[in-house]
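Shared between the two complexes below is chain A, which has chain B as its partner in the first and chain C in the second.
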Partner chain A sequence: MSAAAPLIDIRKLCVGFRGRAGTILPVLHEVDLSVCRGESLGIVGESGSGKSTLALAAMGYLRPGLQKLAGAVLFDGQEMFDRPAAELARIRGGKLGLIPQNSGQALTPTLRIGAQIAEALRLHCDHDPATHRARACDLLEQVRLPEPEAILRRYPHELSGGQQQRVAIAMALAGEPDALLLDEPTTGLDVTTQAHILDLLRDLARARSMAMVYVSHDLGVIARVCDRVQVLYAGETVLTGPARAVLRAPAHPYTAALLAAIPRLGERTLPRALGGRPPGPDEPREGCAFAPRCALATGACRAARPDMAEAPDGQAARCLFPGAAPSRDAGHAAPACPADSPCVLRVVDLSVRHARPGWHMRLRGRVPPATVAGVTFDLRRGETLGLVGESGSGKSTILRALAGLLPPASGEIVPGDGTRLAGAVERRRPQDLRRIQMIFQNPDASLNPRHTIAEILAQPLRLYFGLTGQALAARAEELLATVRLGAECLDRRPGQLSGGEKQRVAVARALAADPEVVLCDEITSALDVSVQAAVLDLLNDLKARRGMAFVFVSHDLAVVRALSDRVAVLYQGRLCETGPAAAVHGAPSHPYTAALLGAALAPDPDHVPRLLAEDAVDPGPPARGCPFQRRCPVRRGAICETDTPPAREAAPGHLIRCHIPLHELCATAPG
Partner chain B sequence: MAGLIAGRLALGLVTLWLVSAIIFLGVEALPGDACTAILERDAHGAALETCRKALGLETPALERYLSWAAGVARGDFGLSAHGQQDIAGLVGYRMRNSFLLAAGALAVGIPLAIALGVVAGLTRDRWPDLLFSTGAILAMTIPDFVAATVLILVFAIWLGWVPAIVLTPADAPPLEFFPEFILASTVLAMLMVAHVMRMVRASVIEAMSSDYVQMATLKGVPYRQVVLRHALPNALLPAINVIALTVAWLLGGVVVVEVVFNYPGLGRLLVDAISGRDLPVVQAITMIVAASYVAVNLVADLLGLLLNPRLRSYRARQR
Partner chain C sequence: MSALTATRRRRAGALLRDLVARPSGAIGVALVVAHALMALFSPWLVPYDYKAMEATITLAEPSAAHWLGTDHLGRDVLTRVMLGGREALVITGIATPVAMLWGGLAGIWLGLRGGWPDEVAMRLVDAFLALPGILPLLVLITVFGTGGEVLLPTLAFFFGIPVIRVARAAAHEVVARDFVAAARARGHAPLDIVRREILPNVTDTLLVEGAMRWSWMLLGFSALSFLGFGVAPPRPDWGLMISDARVYMSLAPWGVIAPVLALSTLIIGINLTADALAGALGLDRGRKAVI
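So, the complex of A and B:
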């Protein structure tokens, strides 16, 4: 394979944009990349590393504002940036296909799926237009979409995320490509869907002998589908090599640190955070870009930029000490919650509806089942409860109900003092509001961009404790110190902080109320892994030292495993399994938990996910029976459709709601 | 979909009914009535009694409202206070004339506004955009009577291309208003183009920076088709409502422009009716203006539903 001329060949590419001062600020520094037919390359990096820019540059495309400064981008031996527009248009979507990050937004909302696929066929195929419809059906079948005829007639928003991604793949295949660029192809999809899509892509790549370039921040994805890996850091290639070597014994310290920051499913330890942040394009750099964060850095590292050097196992690293990075250590275990802690939050038979059923629905007796129903759990002081499930499983809905943003339809929410909490936030007493605080997924949306950090922190302090003047300022500073930020942040606005810093401000704001319970809604999903590790570390610290209790919602099973004392698995707003984290991750398991755990990826080339036969989506919870009845691989027949499954206690505190007896579940569970 | 339209229609009728009640109540609350307006200084004693009896003003307000509303529903607005003319006939021609004026402005204005907006959006911050955007701001800031006067000065007086004002009687056949109404239409078109163009420009810019336009480009769709097939249909959706508001504003009779050009439309009739305290006519015109707002917004809503598949299935799911 290596003897063949590379299909995509990028040499010493420099890309930059004109900054405010008029100087050119580079985002890619002399990056090389080459992929041959039949080969699959993974480009790995954190946000801002330039990985998407590099992939799009391979198509001869730069986002508005960016410009090519130097270097060559060859496709099939010819420079892409020199080609006339018509020729570029023929290659794009033809020989060179792109699968975008967010297909939901990349498909034109006003055109039917059929029209969009037909457009690709019309532009790139010589076939008779009369055959286009049949060909489009064919393509949808190739990407394993059921009922292709029906899908062709739908609009993008009428499909689920996984279906949209499949349509995007079908559209790329329409041009019969030799190479596919995949920009975070499964980010934002559920674990089960992600595993199916990656399998599909692997099979397609093999069958058509395509060159694949995967761009991803997720080393688990890369491990699953790539032969070779190229790691970018601050716009530079820092490591290339075979996927197995890079994931097992990375020769560059940055990659080693990145791998160490990823929580693993099988371990109840907290990953190791990586301090500092990569230099921005406007910061001058002389030596190695990673030197300020590197434990191995010496004066030589800071003096001049190292060249790519040969490293063990066929790797090449931009490092003076390739292969010297310490291998991954086990990290440290999260503190466990003491068994005798008092209860700070009791939730009994909570049910939530997004829309109140109208009178005509009630008259006709067609009231749809509630979004969330029958959710019961206790939370003790200093405990972390993880809520996991796919999108639409009601995790966030439960948090919103606890916070009073979405008043429950029925059920009780009882804080530590034993008085029942009002449903709506405006009817809760101030001391109750103080007790329960929430942190949201996206700090950009949850922090007011016009307020300084001082103002953001002052609001709860004034509201709940009546602090003013000197006392207020001192407390705000103290809070920032708790989340490991300096007092200099007080005068800044959220826009001047990095993603991780912003999320820490959001944590500090929640802490300002001195709450008993903190609700965390996917708070690390928008963060890079190295930053995520630092935030997780912070939460654990607060839990151990202040006895704070957390309800932690995440779709990432490994994160939940690393952080939680207990885990609750939700499907369609109903509890499937609850229990100590170790028990839920072990056997016996609810069939849905088993499916989730089986589909999760790990940054390990030998990890093979186990998939359900089908990854169909459920439109809503069923009216009767088990919530998982329609997708369950071990369905027991009629009883699953008619009777609510009993909660069986597998071990003290470990409840599984399934009709199948426990000893039989042991046999099907991972173990 | 049919249920959706029926629902919207019903809602429109309810709105009209509320408007009619408010108008009726408002007129009732005013001191004096149709008879005091007709009789003016003689409105006392026997003459007033007779007049009131003749107009049926002695019956209770509710009864009068019902018979008025029933008449309105049939298109019969009763008689005007001055001259006892049939209002439907009086207003009918004026309505047609206002409609003519609006049609002239819209026929030129909407395509022009969309075209300029698209060009400005595609050439953001380059000279065509700067030119059109600055022009739009100018057109919006100059008051319509100033623009009208300047146009009359240039095209009617200096160049002598078109007549300065309209002398055709209100009930003349439509063709006779040509070319007299050109200047009036132009002034209206200018204002409308400015508003709609800015809206279209903003939404074209948004659509062009969207993920789906980038994807279409990287799928190999030529630029023209990217704009026409992928960006434009999405960009025009938010513009529909702005266009609807402008249309309703035009149909309701544009008082200042009609007065400046002496154009026999609804707006001028309204001004005359108010200064003459001709309450039945004011009532009738207000109803007509309200009805045209309701109708135009209904059409805009339905058009939005038709063009926006997302809205369509969202609404369908809500039902």
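So, the complex of A and C:
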């Protein structure tokens, strides 16, 4: 830390809102924060911990309904909340830039990129308007966008998510900021894109010696960009310290538990779940906020709120026993699927189109390539197949086709009994419907908010088993117990449950059918890591005890690695590589798998992602040749554009579809 | 499930309390209830026979004997105003739910079905909405004649058409959500999906829409009576009374003012109730409707 005065200095900030009963409920409780020029601070916390509120408060802004109760927010030595509106408007976007999570929504859809950057320049710089265009080009070059002249003429929807985020960064840079606030700027992006953006942000902050406040729930991201970390829990700072120390040996048990809950790429073990949930603003708090979930808690922890205490390696923790937290121990491994178990689902040469090509397209021979093509795999009883790929790779499309929601254009779906399954769900036999169940990404969308949990669980039970009355209630209670929820949930509605509880209800609803195959569509991506670990644990338990088979779709390679027996890597709806999880994660690798693995982040300060592929998003699958031809870093030339790559067997069951011979792929892949 | 009906009843009770707690809701509900009670008990409360004419006191001013004066045939205005809402309330009170039911179901079905039936039906609805509302009503009535047995289905049919549009929009938003996809993937029948997944999420919108439709229909019915196509004389009706009395407005303004006041208090009452209902259900009609 430099000796200079901090640029952003927040002292004992308390923020709250007025509850229904008229009492003030705290969202932030005596939070301190300070960042100097050239320093980058990561604010970490789970949803509801107040991290975004804190970052916005640094700009002198609070969301409607929130009010500042006490404390000071100083920027450049002056209180932000006392400044007149005009001055605030000049500082925000000028000396103090904000990069929001979803810049697709932050950019105006009706204006060209050039006009939007020019607006930022006009508001925050005294440059001559004639130079704006050149300045805008210069800014886009700084954020490493190719062909800036062309980008200036485009509208936001013509850019990919990563490009939009770069434009947002360029706009923030237009005001020549001293400090940047980043609110989960890479959360919605693909891993390869995320790695590029993080690199860019790091380099920019160093080159311009800016102060950065980086808000994220992802410790892997924090490890990549931040010097110092501040961990928030239920609106309180529980730990601050250098990033390296916090990630290696956190002095607070909450951070230790959070780290233990993150699945790691190199390990085939399940992460450890953290039980319970943080206290809400309306719950009375005595003592340490984390005490109810803490393994180390004693009577003293519950009696009084601990102060920040010095801890090893320059950390400070709000804990009575700083540094006593156990270091990360290995979780337990997921049970492997027995080799002789029978096949419960066979998919042969599946291809899916989102829109049927019209007659005029067919007449002119301009039928666009299918969204998903040539997907073939087997699923055995008690097996988990991981489907991995970036957004637009067709993972969810395949699941929807298997569930019958999107009838395939061609190919076969064959359940265990060997009969061919009809494409559309309406034409499937009732017993086939029961066998395949799907769990959706976002439980807020997949559970009807108007029904009680009892009613939600009753639907499959009535439909498939005709249960009524007492038997129905008993079975629903049993299902809730299976997903580790109490019977008291039966009368609640989804809105009264937390995110993790809702997703467990969704799992219970799928289990109600007693299915053979469960399709999981990114089911943990909307959840916090500690909750994610619990859901993964539950799936594994079901797999081991009931022999259920899962098709688990995720963009998170570490989660897939921890859970899956076999992995299939998809790019633009085509399989690149399939095989046992260990083989796919090791060498040799398809160049795309290598790029994905290389770009993945880990909550480890020494982990350096390797950027292989370009982060541009292709317009659609190419008509011929290898699907990865446009971004491939080791392209072989013309053959990649004309011929479909052959499937080569690197090991029994491990198929790689690439023109490059296997022994050469070994050299390009990570060891 | 008895537990489920109990929750529903609890919810209805809470909704009513929430409704009356709002100023607009309290006034609106009071007005509507007052009109309903009046329509129910007026035959026993009226001071005179509504047909009784007294040639000696035509167009009399309000007095102790005739509080609101008399009309051009010497009939007591108060009696006729008290009775004048009965037919309108009964016919629109039945026609509104019918209109909501068929319009709502058609709209939900179109929202769920999509594709060409949706396209065709919505263009037809657009074409109909482009016509002045009273015109098609008049055409049907000229063909089939007046009377309750024609008016009721006619009103129910024509006032159901705009409901299609509202129900379809509300259903469309729900259909796109994953819980409908989940129900489809489980293999529920389409009717089951409509009943269990979609209806509970659109009833609020339809309830508020229904209250609005009712006030529109009352106005439509009164307009028909005013034009002579509604209630047949000598039976009393506000629209008809306004039509009859407007000729003598300079001589006997109370003959017009009284039925106008009666009709407008009822319509204002319904509108205020609808507004408060929308607020209590969390649907702000000023802003975009959220479900």
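Operating definition for what follows: the second predicted complex is superposed on the first by the 669 of 671 C-alpha atoms of A that agree within 3 Å, B and C clash if a C-alpha of one lies under 4 Å from a C-alpha of the other, contacts with A are read in each partner's own complex, and residues count from 1 in each chain.
To be clear about the criterion, contacts are C-beta pairs under 8 Å (C-beta built on N, C-alpha and C of every residue); 3 or more make two chains touch, one makes a residue touch a chain.
Since the structure is predicted, the reported quantities are computational estimates derived from the model, not experimental observations.
Enquirer: Based on the superposed arrangement, let me know which partner A:90 touches: chain B (first), chain C (second), both, or neither?
Expert: A:90 contacts chain B only, not chain C.
Enquirer: Should A:491 be classified as contacting the first partner (chain B), the second (chain C), both, or neither?
Expert: Touch partner of A:491: chain C, not chain B.
Enquirer: A:449 contacts which: chain B (first), chain C (second), both, neither?
Expert: The second partner, chain C, only.
Enquirer: Which partner does A:425 reach: the first (chain B), the second (chain C), both, or neither?
Expert: Touch status of A:425: second partner only.
Enquirer: So in the superposed three-chain picture, is A:17 touching just chain B, just chain C, both, or none of them (first/second/both/neither)?
Expert: So A:17 meets neither chain B nor chain C here.
Enquirer: State whether A:465 touches chain B only (first), chain C only (second), both chains, or neither.
Expert: Neither partner.
Enquirer: Between chain B and chain C, whom does A:109 touch in the aligned arrangement: first, second, both, or neither?
Expert: first
Enquirer: Of the partners chain B and chain C, which touch A:433 in the superposed model: first, second, both, neither?
Expert: second
Enquirer: Just which bits of chain A does chain B share with chain C as contact spots?
Expert: Common to the two interfaces on chain A: nothing.
Enquirer: Give the list of chain C residues in touch with chain A in this complex.
Expert: 1, 3-4, 7, 177-179, 181-188, 196-197, 200-201
Enquirer: Quick one: which bits of chain A touch chain C in the complex? Just the residue numbers, please.
Expert: 400, 403-405, 425-426, 428, 430, 433, 437-438, 440-442, 445-452, 454-455, 458-460, 463, 491, 509, 513
Enquirer: Give every residue of chain B touching chain A within the complex, in rising order.
Expert: On the chain B side, the touching residues are 209-212, 214-223, 229-230, 233-234, 237, 307-310, 313.
Enquirer: For chain A, which residues count as touching chain B in their complex?
Expert: These residues of chain A touch chain B: 56, 59, 61, 63-64, 85-86, 88-94, 98, 100, 102, 105-112, 119-120, 123-124, 155, 157-158, 168, 171, 175.
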